[in-house]
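Note that subunit A is present in both complexes that follow, paired respectively with subunit B and with subunit C.
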Partner chain A sequence: MGSLLRSRLFWGSLAGLALAAAFPLVGGPYTIGVLIPAFYFAVFAMSWDLLFGFAGEVNFGPTFLIGLGAYGAGIVDARYGLGVPLSVAFGTALAVAGGVALALPALRLSGPYFGLVTLVAVLLLQQMVTVFADVSGGEIGLSLPDVLSIDDATNYYFALGFMALSGAALFALSRSPAGLILQACGQDPVEAQALGFNVAKHKLAAFVVSAFFSGLAGALLVFYYGTASPGTFIDIAVGVQIIIAAVLGGRRTIVGAVLGAVFLVVAGEVLRPLGQMSTFAVSAVALAVILLAPAGFLGTLLFRRGAA
Partner chain B sequence: MTLKLVDPRRAAPVAVPPMLEVEGLTKRFGGLVAVKEMRLAIRPGEIVGLIGPNGSGKSTVMKLVMGILRPNAGRVSVDGVDVAGWPSHRVARHGVGLVFQHSRPLHRQTVGENIVLALLPDSLLRLVADPQVERRARAIAERVGLGAVFDRRPATLPFADLRRLELAKAIARDPKVVLVDEPFAGLTAGEVKDFSALIASFRTENKAVLLVDHNVKGVAALVDRAVAMYLGAFVAEGSAAQVMADPTVRAVYLGGAVQASARREPKARTAGPPLLAVEGVSVFYGKAQALDAVDLQVREGEFVSVVGLNGAGKTTLFNAISGLVPHTGSITFGGAPLAGLSAARIARGGIVQCPETRELFNTMSVRENLDLGGAHLPKSDRARQLDWLLELFPILRSRSAQAAGKMSGGEQQMLAIARALMMKPRLLVLDEPTLGLAPVILEQLGRALEVLRTTTPITVLLGEQNVTFALPHADRVYVLEHARLVWEGPPARFAEEAGRAYL
Partner chain C sequence: MLGLQILIDGFAVSALYGLGAVGFTLIFGVSGVLNLSHGAIMVTAATVAWALAERAGAYGGALGGLASAFLLSFVTYFAVVRPIQRSRSIPSEETEIFVLTGTLLWGIMIQVAIAYLATTSPHTVRPLISGVTVIGGVRTPTNEILTAALCWAAIGALTLLIERTRAGKALLAASVNPRGLTLLGFELERVHLLVWAIYGVLVGVAGVLLGAFLGASSDNVGTLTASAFSIVVLGGLGSVPGSLLAAYCIGYLETLTAYLVSPSLRNIPALILLVAVVWARPQGFLGRR
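Presenting the complex of A and B:
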């Protein structure tokens, strides 16, 4: 605990949270509306960093897990009127179950095949939403009878609190003994096995944790919007944004993913007047950061001297 | 852990059952038999050296014991339990530890945290470390001499300390059987002494220790017994002196009497600038120096052999010439400096390397591999070159539709050489073509090289640890030892001046 109180990262994160908490005092409803999804987006990116940065697996399908959470929660609420808490629990459980069903066979594959399987899973889920349009709302989208809150301030603090708690949990996990083992499994699986660690078990566990937070955030986000559509929750493009956010913020830092996610969402909004050019500008900045500082925002700040 | 005080030099009584016993161990990779009915046994408190030239299969044996590879047949019994075919993490938990040669520590963690890692149980739920663990990690760090750098990150440590870290991780698991891969590679004489003492301390803890190394000399002072292997099979066993004197072992390392066969006058030009000039070239891998200020010249049409034991720096030298590793010093080819050219440019410029690892495209057919080698040639040239090569290596003609990865080691080596020759090199760099090959294949290869030398203008730079193979063809010989060139001269003077040092 002593080391936590001396850590720059801890105090920096606390200062960042305080700033974010004070923001509604100065920011208008429009900016607040931009930041709320950004906070959920940050949880997606942090969950993804647990897999990429620590387990060493590139999951091209973060939106498979998010989509299961969002649509799982949305469908049971729209069809059976389960209400927010139960629907969110169902969506999260579905994401974890789907994650295990995907990871169990996929983790047996080595190299780029794991990533390809996760990519195919996203396409499959997207097809399912289209095919079973009478249940899922298809391309048009699914409207929910319930929302988290109609008050933006409540939504804002709920999203911020959820992000802070998820971040704290994922960060603590990454710095725990189990996280150390996971990192060793990702970096040198042969040596990790020779030290007696069941690499497949640890990677599967990481996948489950990642699926839990992705699914939970997806389910909550669906109740913030009040609607679900493949374009916001499942599309490959959304997954790519999450990956860019995590890499931009700093691989293997967890917290950095928040910076990346907020940067991507806010920059996209700020540059919106540019029209089509805004996507181009944001992508160009992301590309420049990845090429010039592959350790990302936070990685560059924290680990400037050591090798990444 | 109880320390039993036994005289370290006394062999354990025969009645004690072996801690590690390997029998009939066999491993095949496609058509390649890497390990063939290998046997070996180590009692508790005993240190055994497993030696064999590069490619003999000793590393494969180590990986089979550790469970990194699955054997095709055979028994690996550890403390009375057959662990053959178990996954690596179960073998490790059953009491086998491996000290890796190339350390890959976690770079964002400190030395201490890296040792703590090895002390952790295989648990998903361990979210807070046992306070005992930190204390044990510190004790282990003190024991291997890392106490002073406990809180530093691995990237800031010298090479020898990284090796100590690997040893520390193995000690942390308190294994019953310790496998050490090339214990002294890249260490200075002083560090070798420290490491020997650390490894010897396993004896008093009644661990069974297997040291895997290229030659007996390196580990002779430390081992109770040595087991030699060649071509994947058991060759000899006994004290270090007995194994060194064994006729088969001598034949394997020296090929019997070292001879410089009577041969034609060198046709190489001795005047004029050299085709290849290497001046003051040094190479570092991180902190380990692999090449130390090497000077070497090869003239047009010459056949030059560089001999040296494994780890001496031959491959590094060739990779520096081919532009594959960064180096200091200068290398010129045909009078023009190679500095700044990409490996692909250098290869198209006429220096073609046939690497030790062969680097064939395993899933492509023999013919496709050859066509890729000749991809830069005009069509008519390519056909002519291909015809000539299939003449030189007739076996490749009959195998032309077979996948390269499915062929035997000898056939793969011929294909690798043929593919290199498809590029019509001015200088052919051959790195250890004899690696792991049977004597009958060596004869075929030798004849092919003889044809190359007598009928073509190609200049050849050959790297070998097999002196018998390297000498007969050579116009000139260099001896490379511990990253330095220590001798240069005609093959006729080799036996007298450098042969003894070489064994």
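Presenting the complex of A and C:
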């Protein structure tokens, strides 16, 4: 039954990917431009779900990791002209290092305390960007000499491919023995420890993996935009969107986060005529999903079908 | 001179922080809810007070702001918090995170609604008292003194309520051992209603005073929630005296930085202090483990 469920999810994801791959044939450049950031956003949400759904830690600061990746890559490219691949590697490494530096003290804490420390990390990073404005571009933003590609189709397939690979890696990890141990650590740390698993080590590893994918996606997104600004990469509001996307899509499913992210971005775009009230509508929908179907889109779908 | 100025300004700001955080910590202590729509409710009170003051005068506006926060806190409880707590499809160990996410979304909805109805520009509520008082050579707006006095009056009233009345003692008992309280024949539901009512009043007073003292805009919602959250964690989750102590630490630290270093850096030392304390002593100043 488990494998049936898994295979249905697998075929569903494959069909979704095929649909997404065929989309540029019908969609105009504008809709493609909307979907590209949505794919990177989906990677953010999936990495967050690994921490929340499996390690059981509420990370209020996904944008700390993303911001480190984005600004790390952006700054070395703008200042030293390292070029795209090296800069992305640097940004990702910085995000992983920052993730370890944050997780080592923070994982000693639990629940709201962990959440608060991660929140503070975001606020500090945002302040740093403003204080060191001559290096980081401050509130105005940092513009980069290089971009990934100027061709929409290339950018689209690159983002889609990146999302698919990251999703596959994260999903495989979550279903691997290590992922199961991680889930046990998240749900009942005392019992997991009693069974002889090193809870701290597994959670730290989860944090590192999450930081790796967040940082990498952040660094790539910076080269898609060609600019970095606190409002797009670090602001708490961005982190909130990521959390909403993951919970909306279905926590503990990894793949669901993609649905949530694409839904959020597309809904924001469709509701744009409402102006400010579009955020209101999107938040209201998300709240309704949490109240009525807390398992999220994918969770509800899988659970209902699986039970029947 | 500058020292006295810092002392006075810091005192008023800290009193305001303290009042804002006390409601937040009370809710957590009694019902285990971290209400992330806190800042949004505060700004609602300030905005309603500002809008009503045009027609109803400063006092009418302040009362209106208070009433709006009171109502909104009940709406938060009945429409968001209670359905999540009672939901059967949310496992009990995940209730906390769902309450966090739910109140966060609710806060965003309120914030956007305020921005839509009253724009994002900061509104300053008309002060209850105008004029300037000179304290030891420092010109201080009388409203600033009134703000500090009212904050302490509200905190004093809360202390009396908790320590001297039967209902207040039930609140205290609920924060220590809710199960024991139900065994003694108290309806926990009513205790929760009471704590949300008290919360509504506290946050309303804090919001109106904040609006009159510093001005409030819907853009401040996140910062307000974050600062209440940090103060409460610094002081120890659920501890009212701890929150007051923490509010004074953070308030003075920010005022000192703003006066002596640069106003744009005012948040940084407080954030670093917070990380250091949480790391070395996760239960905060006066928290129970």
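Quick note on the criterion: the second predicted complex is superposed on the first by the 297 of 308 C-alpha atoms of A that agree within 3 Å, B and C clash if a C-alpha of one lies under 4 Å from a C-alpha of the other, contacts with A are read in each partner's own complex, and residues count from 1 in each chain.
To be clear about the criterion, a contact is a pair of C-beta atoms (placed from the backbone, for glycine too) under 8 Å apart; a residue touches a chain by one contact, two chains touch by 3 or more.
Predicted, not measured: the structure shown is a model, and the values here were computed from it.
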{"item": "First (subunit B), second (subunit C), both or neither touched by A:Q127", "value": "second"}
{"item": "Greater subunit A contact set [subunit C / subunit B]", "value": "C"}
{"item": "Which of subunit B and subunit C A:L109 touches, first, second, both or neither", "value": "second"}
{"item": "First (subunit B), second (subunit C), both or neither touched by A:V96", "value": "neither"}
{"item": "Which superposed partner A:L51 touches (first subunit B, second subunit C, both, neither)", "value": "neither"}
{"item": "Touching partner for A:A178 - first (subunit B), second (subunit C), both, neither", "value": "first"}
{"item": "First, second, both or neither for A:L216, with subunit B first and subunit C second", "value": "neither"}
{"item": "Which superposed partner A:I244 touches (first subunit B, second subunit C, both, neither)", "value": "second"}
{"item": "Which superposed partner A:F197 touches (first subunit B, second subunit C, both, neither)", "value": "first"}
{"item": "First (subunit B), second (subunit C), both or neither touched by A:Q187", "value": "both"}
{"item": "Doubly contacted residues of subunit A, that is, touched by subunit B and again by subunit C", "value": "187"}
{"item": "Contact set on subunit A toward subunit B in their complex", "value": "172-173, 176-178, 180-181, 183-184, 187-188, 190-199, 201-202, 205, 252, 303, 306-308"}
{"item": "For the subunit A and subunit C complex, residues of the former touching the latter", "value": "52, 58, 105, 108-109, 111-113, 115-117, 119-121, 123-124, 127, 130-131, 187, 236-237, 240, 243-244, 247, 275-277, 279-280, 283-284, 286-287, 290-291, 293-295"}
{"item": "Interfacial residue positions of subunit C with respect to subunit A in the complex", "value": "34, 80, 83-84, 87, 89-90, 93, 96-98, 100-102, 104-106, 108-109, 112-113, 115-116, 222, 226, 229-230, 233, 237, 264-265, 267-268, 271-272, 274-275, 278-279, 282"}
{"item": "Footprint of subunit A on subunit B - complex, ascending", "value": "66-68, 87-89, 92-93, 97-98, 100, 104, 106-109, 113, 116-118, 120, 122-129, 153, 155, 169, 173"}
